[in-house]
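Structures for review follow.
One chain, chain A, links the two complexes that follow: it is found with chain B in the first and with chain C in the second.
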Partner chain A sequence: MKAVLAGKSNYSEGFKAALTEAGLELIMADTASDLKGLPEEMPVVLLYDAKISPLVTDRAVLDRSILGLKPHDMIVFLMDKDEEASPYVESRVIDAASYLASIKRRVTVLMRSSRASDERFDDRYMSARNKGVTFIKYDDIEISENDEIYLIEVYDGKISVSLETPLLIDCGEKPTPELEDFVKALRLRTYGDGCITGNRWFLNQGSTFKRNVKLINTIALDGDLNKVIPALVKDIHALSKPGQGQTAFVDSKKCAYCYTCYRVCPHSALGPDENAAAMKVNDLLCAACGICVAVCPASAITFKGEKVEGDRAEKSGKKLKMFCCENSALIASKNALDGLDAAVEAVPCGGDITSEMMTKALKDYERVMVAVCCDDACKHRDGNKRVIRQVERLKERLEKLGHDSHRLSCIQTGVTMSNILKGAAEKALSGGGKK
Partner chain B sequence: MIIASQKPIDEIKEYIKDYKKILIAACGTCVTVCLAGGEKEARELAELLSLDGDQEFRVVTPERQCDSEFLAEFDENVGWADVVLSLACGVGVQYMAERYVKKPVVPGLNTSFMGTNRDAGYWTEMCQGCGNCVLEKTGGICPVARCSKSHFNGPCGGSADGKCEIDPSTDCAWQLIYDRLKSLDQLEKLYETIPPRDWSTSRDGGPRKIRRPDVAIEEG
Partner chain C sequence: MNNVLIIGGGLAGCTVAQELSAAGLDSCIVEKSAFLGGKVRGYGCKADAKCNNCGLCAVGDLWQSVESNQKIKKLCNAHVIDIFKENGEYKALIQTDNGIIEENFSELVVATGFESPDKTTGSEYDSSAYPRVYTGNALEKLMMNRKENSLFPEAPKSVAFIMCYGSRNVKERASYCSQVCCAYSTRAAKVIKHYYPEAEVVMFYMDLQAVNPGNYARELEEAGIKLERCRPVDISFDGDKPVVAFEDEEGKTKRSFDYLFLNTGIHPDVMNNTAIADITGLRVRSDGFLTYVEQPENTGVYLAGCAVAPMNTYDTIASARNTAAMLINNATEGSVK
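What follows is the complex of A and B.
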């Protein structure tokens, strides 16, 4: 089986040897332009170096940098990211701060977001605090520089704190220009505005949304390739099989060749078919989320293969119709809706739900509810947020037409949040509403 | 490409309130691509407007409404309908009205501008069809369509930090022109004054026509 080993790294030779030994036929792509002409679905192992400040990762560099400081000078680590930092970066920052505190330096770590959800970090934080590290979580920050002293003002919504430091350590992961080129060439999609910014969080595997691209942060390997090789080989072999069951399909006669699907597909599974002057789906990359089906302005995209499970009956005689994302709400709905006057229709993702589907349901049911994943939990990047915006737009239009917009509602839920789903369904059912 | 947006739905409802059978005429070209009047939008509209249940809707989507050959697809359904709700640009609406002289044709869109699709769900104006293109002199950035005042010889006093005074999210066209000419090493082009122009090639000269005699069929 063929695979691409992309990105130039000190580990390239090691990966080449290990992957070749595992039976893969490797094509080397040192630069993004080497990817030209290769099939879009070909497995790619992208080696990258996150380029965290050496002050965070290299104790010797840190030691040298504090040589000129006065004993009372504050040292500030800055983790200025809206989302959690990667576990690797966060653990390195805590270690470096702890080290400085243990040699009697004054250390403050400023963080916009902390890893509150990860218990593994509790002990690390506790130990760092005991050594004297101060952690400050903030909402807003202002930094100015005066004669090589940084003046920092942080505000957490209630109080503001001022700090002065001659050593401000930015702990953000910095992309190299080469990595930017690979990200563009591979059409990796990101959270947020989709632009390539200094925010590298999307480089975590779970957030790249393209199943044939495997990202390896070489810094996090700590020299041990065996950490990742076996899982990597297994993943690459699994890629030779198409996505499970269903994929999207473009009717080339109806396609307006407008590239809307190409732009919105979180998995970069759509591309132009120049011979047909229409878009086509790459079955190996398609995750069957249905976002393109919903968004296609020419209604040219449908699903082929088996339908998702669930009740798709147009009329069930029930009072409430619930469109449930199969990744969250559908699982939460099992047994939770027993005895309620509600019909559930499974959808592969909130992004598959159209305004037309919801309006049709409003004709047959008194109440219609859309239940999708929580923020940032969508495995298709933003399918949940797409349908939330659709619901808002449809409610506005219903009001303009003089209809009761309360008949339509939306809820975000997780797989274990059955009670929340049940509560929302009960609330919708008790609301009455005109038919 | 022509960019349009759908009219507020209450306005559309008002246009068709006196009719029972409504033909929604979508258009498969520009307004499909800008998500205003294609098959999908037409079907959504039909569902929404039929919530009251006392009107009937049909949707037809030809390749485009601005060529008579494609309009023939409508003939049968126009006969059925009491009114045609056209989701084409103003060209399509008028062409339909011209073809079906005894049938009311109402617009479902506001035709906005000639522009480009910058990103999913985002379109910007690029050309105003002034009939006398100056893009060679301005580095490929149009001062007519992209400068709020259509200035021809540099920015006005409202340009600040590269943005236009009418809206901080609008780039100053003259800043863009300067940056572009600088990157092309053609800044000397800015020394050439563009004289007051004859706007008769634009809308000011009345409705415009273009003929190609070499292609035209000779009248005999």
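What follows is the complex of A and C.
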């Protein structure tokens, strides 16, 4: 089994020895350019350390820097300024702050949000508060410097407080330039499984979207490699087993190499395969959303594996045709449309609905409705917005041609909005068409 | 043979079962109520014009897929009476509608969730007796049953939210933060403002702990939602309209509102947890939630979801997936040996 050990760090040698012992054949990649030419599905272990102020991590540096301060001078730790601090940084900051408080210094910690109610942090916060550390949560902050004294204006949404300090410690975690190169080369994203959102826990252990990339923060290791090695070896071996679930598949004989799928794929799973002069799907990135299958002009893309096909009935004699997104409207439509003269067709994403599908449905049915997710809720990067734009364009075209555009409508729903979906369907069925 | 017994068929239990069946492992869910889904099945989507990230999309149609999955055995209206070891195999005695049955298993997942908060703290303002007071569950029902242009029976002029109701209160034996109340209530406030832009929405808060970091408080104020930092002293009634007594800059004030929301949080089901802890060798913490005594790999007893600590939807799914991953790892390791 081959694997890549990427990133240069003091622990590289240790990892190399431990992983080789576990039976892995390692390829070393010190810089991002070393990754070129390696197959994309090869497992990658990325060692990195984000830069944190040494005042937070190194007690000796902290001791030295407070030597010149007067006993009553306040020391301020500033967290979450640009990006939310990771649990590791938070724990280190609280430790440093309670150390200072225990030697009778005035310490304030500024933060946007705290993990005080988290089990792992419970005791830490409690002991820090008992020692006399002040925690202030802020919404907005302004910092100015005057004669080596920092003036901080903190606003919590209601009131503002001003602080003065000779020692302001920025606890932000900054990725090193080398790490940014790796992130770009490996095309990493933050956790995108629909589970943890936004920039929370950016680049923390395990929080990558790609299955074959394992991230290891070497600062958090504290020199103990055994913390991570067994789990890591197990994970890499698990990757060698064939994946489950379905992915898209390009028939290289039919493919016209037109790059249409490359442009529309929200998961960047499609790329050119120069040897075959056809597009290729990266199984690890493909989310089987079906968008490329729908747009391919040459019908060269199909699903590999089992794909739950929706009810693609040609004609059912019903009055209303509803295209429902599997992630929202289809769930809301269960049991909600009983007794209505409507046929439901499941689509993997709103972005999967083409204007051809809609015009064909308009030919067969009297009314056509598209039901997709709310704004910002799309799992496939704004497929809902794409279909709304398409519906608007199609309506315009229908009006230009002198047809009744009221026959086509569009609605955005959530998973439990059955009543709203039912109301909209009833409205569409009874709706005043001019015709 | 790998058969995992899962106590609790809510979000955490169903997620674990789903993940296990995807990896080819058998499981059996024991659920005390008549259907799967637990509390989350009664929740409503809280999107206004935009998605407010309440997490229900992440749940999706989990219930249907678990119900139709043949690899997962489902025992509803059932509870585990006892667990014992016989000839090197673990056995559970389960009380069902058809009498007591025995079930063999190799590992156990405890995903018992939490107690319906209305039962422990909101019961004094039951919505059948006080139609203008909404507790946590009543709010979810309201969000679930909303129509295209109406939310309440009549359009409100003023609405009040009282946050941390029953949480962070030593008297209620819940000194911790419930993690979910300010998140769901601010979302609900946005929805109300979306339906009724004219209505005045006041939120009495202690601390916005679990809402999105950043300029969220300011965002709420820009949406026209007033944030009032105080804990109301008393709730009385003028007819059926709730009157809230609170303290502001001018001293003690009394105000009547059209609707009042009590944002109850997550409370452990202490009685149930104690019983479970007795038979499984887990420990009940001082706050009433369950915790491990020994490493789960050694005992074969795993925890998932809100039985451990208050969690929102995303965290529950993450915790359940984590537990499932541990189980799958152990199973594959065993087969290699």
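Criterion: the second predicted complex is superposed on the first by the 237 of 435 C-alpha atoms of A that agree within 3 Å, B and C clash if a C-alpha of one lies under 4 Å from a C-alpha of the other, contacts with A are read in each partner's own complex, and residues count from 1 in each chain.
Criterion: a residue touches a chain if its C-beta (ideal position, glycine included) is under 8 Å from a C-beta of that chain, and two chains touch if they have at least 3 such contacts.
Source: prediction; values computed, not measured.
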item	value
Partner chain(s) touched by A:V415 [first = chain B, second = chain C, both, neither]	second
Chain B versus chain C as contact partner of A:A60, first or second or both or neither	neither
Partner chain in contact with A:E356 - chain B first, chain C second, else both or neither	first
Chain B versus chain C as contact partner of A:K379, first or second or both or neither	second
Greater residue coverage of chain A in the superposed arrangement, chain B or chain C	C
Set of chain A residues, in rising order, touched by both chain B and chain C	194
In the complex, chain B residues that touch chain A	8-10, 13, 28-29, 32-33, 35, 38-41, 43-44, 47-53, 61, 117, 119-120
Partner chain A, residues of chain C touching it in the complex	22, 43-47, 49-51, 53, 56-61, 64, 143-148, 176-177, 179, 207-209, 212-218, 221, 227, 229, 308-310, 314, 317-318, 321, 329, 332-333
Chain A residues within the chain C interface of the complex	80, 84, 112-114, 116-117, 119, 137, 139-140, 156-158, 194-198, 234, 238, 244, 327-328, 330-331, 334, 373-377, 379, 413-417, 419-420, 423-424
In the complex, chain A residues that touch chain B	194, 254, 256, 258-260, 263-264, 295-299, 354-356, 359-360, 362-363, 394, 397-398, 400-401, 403
